[in-house]
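We just call them A, B, C and D in the order they show up, numbering each chain from 1.
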Amino acid sequence: MWQALYDNLEQTVAVILFGIGFTILLLQRNLIRKIIGLNIMSTATYLFLASMGYIQGRKAPIVTDGVTDLAAYINPIPAGLVLTGIVVSVSFTGIMLALTVRLYRRYRTLDIDQIALLAKGEDMA
Amino acid sequence: MDGLLMIVSVLLPIVSALMLMRMPWLNETRRTRCTFVGAVLVLECIVVALVALEPQRTVVLFKMTEQLPIALRSDGTSRVFSIVMALMWANSGFFSFRYMSHEQNEQSYYAFYLLALGSLMGLTLSGTMVTMYLFFELTTFLSVPMVLHTRTKEAIAAGIKYLIYSIAGATMGLLGIFFLTPNLGSPYFVEGGTLMANALNIPREALLAIIFVTLVGFGTKAGMFPMHGWLPTAHPVAPAPASAVLSGVITKAGVLCIFRMLFYVIGPDFIRGTWVQTALLSCATITVFMGSMLALREKTLKKRLAYSSVSQVSYVLCGLYLLDTMAFDGALLQIVVHALTKDALFLCAGAIIFTTGITQVDEMHGLGKHMPWTMWLFTICSISLIGIPPLGGFIAKWYIAEGALSSSVPVALFNWLVPTVLLISALLTAGYLLPPSITAFFDLRTDGECKIPQVRAKPTMLMVVPILLLTVAIVVIGVNPSPMIDAFNRLAASLF
Amino acid sequence: MTLARNFPFFSILVCLVGSVVTSVLKPRAAKALTIIIAGVVLVLSAFTLRYALALESAEPFMMGHFPAPWGNELRIGRLEALMATGISAVLFITLLAGFYHMPAFVSEKKLGLYCIMVDLAMCAILVMLYTNDLFTAYVFIEIMTIASCALVIVRQNGHTLVAATRYMIMNLLASGLVLLGISMLYGITGHLLMEPLGRSVRHIVETGQYMEPLTVVIALITAGLAIKSAMFPFHAWAPDTYAFAPPMSSAILSGLIGKAYIFLLIKFFYRVIGLDVIVGTNVDSVLFVCGVSGMLMGSVLAISQRDIRRMVAYSSVSQIGYIYMGLGMGTEAGVAAALFQMLAHAAAKSLLFLSTNELVSVSGDRKRFHYLHGAGYRNPVAGVVFTVGAMSLVGIPFTGGFIAKLNLATAGMPMGGWMRALVLIALAISTLLNAVYYLHTVVSLYRRAPAEIDYPPSHRVPRHAAAALVISMLLTVYLGLGSGPIMRVIEAGLKMFA
Amino acid sequence: MMLAVSIALPLLAGALLPVFRWKTPAARNAYVLLMTVLTSLLLGWALTQPANGAVDLLRFTDRLTLSLRADGLGRLFAVLVAVLWPLTTLYAVEYMQEHPKQDSFFAFFLMSYGVTLGIALSANLLTLYLFYEMLSLSTLPLVMHGGSGVSVHAGLKYLYYSLGGAAFAFIGLVYLVYFGGTTDFVFGGLFTHVGIQHTAQLRLGYLLCFLGFGVKAALFPLHGWLPTASVAPTPVTALLHAVAVVKSGVFAILRITYYSFGAALLQGSYAQHIPLILTAFTIVFGCAMALREHHLKRRLAYSTVSNLSYILFGALLLTPQGYAAGLMHLVFHSLMKITLFLAAGVYVVKARAEDVRDLRGLGRSMGLTSGVFVLGSLAMTGIPPLIGFISKWSLGEAAVLLGGTLPVAGVVALLISAILTGIYLLVPSFTLYTARRADGAPEPAPLGLPMRATLGVLAAGVLVLSFYSQPLLDYLTRIASGLV
């Protein structure tokens, strides 16, 4: 069991990280923390992907000193995916932060439930 | 065309009633109206007599559906009933010419009086169950207005009660008609019944039960227990002549329906000796007894007479349900006699009310001195009704009792029970019918002053003569019943 | 016409380019351009459909110059083309009818931004319909997420902010799941294109090795897409979002974007995993139960609403429930019925959101039913349109909704036992519930208006907007009358899928 | 094809009615009357053409089509409607004089005509179902025409009941599509061949269908909407809730019983017994409620509840006689009940007499109306030789011929209800004439020509049919034995 976990360490770590991120995202009520959780979650996925693509004893798929033999490099596709993923996550982190700032300006708090309450209050008014 | 007379006898009163309603010149004076009505009544009697003289025949008017013919039929039964009814009607009609001068809207009174006569004629002449049912309902609707005539609150209440009871009864009858029809040989009436007793499509017991319900239903009009509740309420509220025909004649409509069902559809043999006969007999006997008891307790004269009808009409039913030739004769005789007697009695009551406005029995002190004719006739009729020889009432009851003793009823008890009850009820009848005469003739008041009730109007011949005629008829029947008995025997022979 | 085989790609490209161009245009021009683009896309998709109907089998369309299994592909099949046509038609109508009252919700200078987002969303939808490649799908899921969030957030009030935040979080969570699923799938198969994926998945199933991870993958991706399309237990984010976003955005969100996700899910089931495997893993039964409970709960919640737009929002939860019930049957017929329901709902829902907005605005922006009395007289067009839309969702004959229900029911018949019973009874009850809240609303629209309320002078709807509303109404009715050919296309398309 | 036209004409005419800007009400009324009569004539002409097979208007799928056909039953219902509709429209013209929003009223009134014809002439269950739903919606505005809270509530109640019923009928429809392959109406049903498969499911399906359509037929547990709906203007109550709507429910049940699922499938199964019990109970229940009700129109509505079950009871005996008797009562009850309702409407609008007690003493001042009312009551009670008696007789006869516990119980129910009918209809009729008018009650306004004409024609119809109905009855028998 432990052996199995150890053998594919990255995946294990990735899954654990994902779990952590997930829980934070769900359970934390503070927006900033939620965002952090989100990032942890995506990072976990990237780690997972990268570990998929990695092949023992090969180099990153960047052509240096003219070696074009495929066998020299690791699988490039996951790397590409990770890159795309990172871009995406950056962008939505940005949006989330922007949202958070707006909300904070408006309600002077980061607690999502409280904000919801305040919003209802506005509606009544 | 043959049967034209029958149709005429039904339509004549109806048409003339419509004329009475629509044509103002008929109502310009009381005289013209009364002349018209009188003429119609006489004419009707003649037509009925002619119909009676015709040979027996059945005429199909039209068919609602193939299975539902509307037919008229004149035969022994119809003769007996139609003649009695027409005569009674004419009689009280003439009585009411004077009597009604006190009441409001005579026009509608006479109109409905004639309409009811028409429907009654239809009932007597009806040749199929459905026709009978039709005219039965019609009679109800057309006689209700007579009950409602005074338009007082109690009159309306009574009218509605009468209506509801009759509809209920009629529908109970309809139940039987429903279930009998598929088991009948022909939709028309046939002497001795047309029930195919050995090819029933429902269990025999079930059919018997249904028949019981049916006969009880038709018994409503005859005021038979348990459907008698309406009669004492409805009859007295009508004007005297109306109540006379109501309880003298229209009660016989119920009897007629039972008669037709019993002898022309089901056939006496089917129920002879079954529990149904027992049940019906006991109902009738109970009614006889109960009616007299209630009459005894009643202080208002007309109410008392109404209760007495309850009891008297059930004599007839008793006689019929015994399913015995002799009792049968008695029953028919009782039909005639009771019609005459009760008519006469009510007319007397009417005359008293008309003259003095007295309605209670114990206010009639010294009336004998004041209006001797009326009271004498009243007394004679009472005697007949009690059944003291040699008057008609006695003969009828005698035959019924005889029949009861000789008949083969399922429960032997009835051989004795019926006569006993008849006897008791006769005593009770004496108990409630003699006191008026006694108080009228022998002023029993201890204190000397003898107050003559004040007079509102003098009774004219037009009021006394009808009563006189009736009384004479009663006496004649009492003295010489044989021709009638023979006629009835012939009828019975064809039915049993 | 071989040119037509490029049209899907063109339509996507048009949207992308458009989104770039609009960013530098004046609001009015941007608005016009967006509408034009939508129109162009509609035309292109229509041609594509015509082209696809001629095809024997779906044909892949290579993007860039890497052949499978590396490069990423589009796929031109009847079903894709049909959905593309339907959705772009609805989108076009929505824009036409909805844009003119955007100023009420968006400040003038933000309108350009809004247009960009609409273009992006449009593009993302198209990609999701056409793509043949899971990762491309993922990327555009993210783009769609961001775009749609922007569509919500452009209206600047507290409610929208909160709603948007909720929406964002749920969606990101979902995309996280999807991404993880995809990468795990890649891990066990080493492919991202759908054909090779399908092959190797079939191989896995045959060998039986890696079955558990496969199950996990299915669960992850299904869950992700279910959350994004507001399937019942995960619907919490939807009502607020739909209720507080600008009406046009709500129309696009609930009418179209949700459908794109579901379509992707269907693709995933059919082309990647294979329906039999799905049935084997009982994921379908889960979806079925969720769908049925969604149908009922959605309606119940909708009944309890006092605000017309929230009511409409909740009703879409129940409508999505219908779709998932269809999917959950795990049969060809069921999926076909679900697809038709998608079309019917897309048409009806967008028109409901828009007409609702009209009715509310003639009632002084008060959404309580009490104020809506007589709105049907104050704005006749919107009144009639709303009525028809409502009828369609209730499932009154001669509208798309009825046919959808009929298809679902007939699809439910073959699966005997409790499932059949459940389908039929759920349909019956939810029909009744829908009737309760929708027709009640319709009735109150035509009730005599209370005297004491003063209504704003009813602004007249621009002719083109009115026309668009009427057209979309006719579309709904057409779905009810001419459903025969459409169903045939759907069935043929499903055949092509596998 | 003419059938389709005769359905489409009133629909279009109604839809277009608000479009024209009417100068005077008279013009509008003329238009409405013209269209109605035109439709009836068109229909009559279409029906005289030899009945060739079904006309497909629309194909949803290869086995689900929207198609029309005029077979015996369809003709019967269509003609019934086509005769009564113009009459009632004529009546409505006078009745509605005072009301607001007449345009919309007449628009929907016309459209309902088309929809009802659609129901009558539909060639398969799907088509029937479609028009059935349409009917619920097109009549809804008529029920709510009053616009008050009460009438809106009534309308919603009516709507929910109908749609709920339709939803369950829908299930039955699906069963039929799935097991029967088609929904076309074939006399004797689709499952006549021996050794029917899936009898259990089919019976269940039938039962669901029956209960579903039973809502409009106001069966006992589902009758609640009918009395409430009598807040509608009288022409609506008379025509729709005595003829069109409720009879459509009955008609639908006849269709599924004899033309879709088929008697062979149901004979002697629970799918026959449960409905029989329900109807028998409803017969008595309706009358009892009517007895308790003092609001005249509601009383009549309850009497409708009971009478509809007469028809169903007859039909559910699943014998030709029973079916024929049911049809007979279908026709006759429509005639009698519409007569009664219209008379009641006259009382409402001319003498402000909503309540049975208000009728007292109106007999003299409103001679014609009261005469018609009494005639109707007598017929309804089943006094021979009026039509009510004929149909009740045939019902009873059919039941007795069949024998067995339930039919006999049904006969008893019939008779009890006859008694009750007598009481709740004849007692008012008598108080019409006997009792005195309450002091201070308004003097009734005179009737206009339209109302007099309508009442007169209806009364004449009742009388004529009472004495000469043999051809009709023969036709019904031929329908019942599948000859036409």
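Everything that follows uses one rule, which is that a contact is a pair of C-beta atoms (placed from the backbone, for glycine too) under 8 Å apart; a residue touches a chain by one contact, two chains touch by 3 or more.
Note that the coordinates shown come from a computational prediction; the quantities given were computed from them, not determined experimentally.
Each chain gets a centre from the mean of its Cα atoms; the one farthest from the centre of subunit A is B. By number of C-beta pairs in contact, B-D leads when B-D and C-D are compared.
Per-chain CA centroids place subunit C at a distance of 44 Å from subunit D. Centroid to centroid, with C-alpha atoms defining each point, subunit A and subunit B lie 107 Å apart. Per-chain CA centroids place subunit A at a distance of 27 Å from subunit C.
Under the stated contact rule, the graph of chain-to-chain touches is a line, running from one end chain to the other without closing. In this structure, the chains touch in the following pairs: A-C, B-D, C-D. Residue ranges on subunit C touching subunit D, taken from their complex, read 391, 394, 396-398, 403, 405-406, 409-410, 412-414, 424-425, 427-429, 431-432, 435-436, 439-440, 443, 446-448, 481, 483-484, 487.
On subunit D, the positions that touch subunit B within their shared complex are 378, 381, 383-385, 389-390, 393-394, 396-397, 400-401, 403, 408, 411-412, 415-416, 418-419, 422-423, 426-427, 430-431, 433-436, 466-467, 469-470, 473.
Those residues of subunit B whose C-beta lies close enough to touch subunit D in the complex are 62-68, 70, 130-131, 133-134, 137-138, 141, 144-145, 148, 151, 156, 159-160, 163-164, 167-168, 171-172, 174-175, 178-179, 181-182, 201-202, 206. Across the interface of their complex, subunit A is touched by residues 70, 135, 139, 142, 145-146, 149-150, 153, 157-159, 161-162, 164-166, 168-169, 172-173, 176, 179-180, 183-184, 186-187, 190, 192 of subunit C. Contact residues on subunit D toward subunit C in their complex (touch as defined above): 58-61, 64, 129-130, 133-134, 137, 140-141, 144, 147, 152, 155-156, 159-160, 163-164, 167-168, 170-171, 174-175, 177-178.
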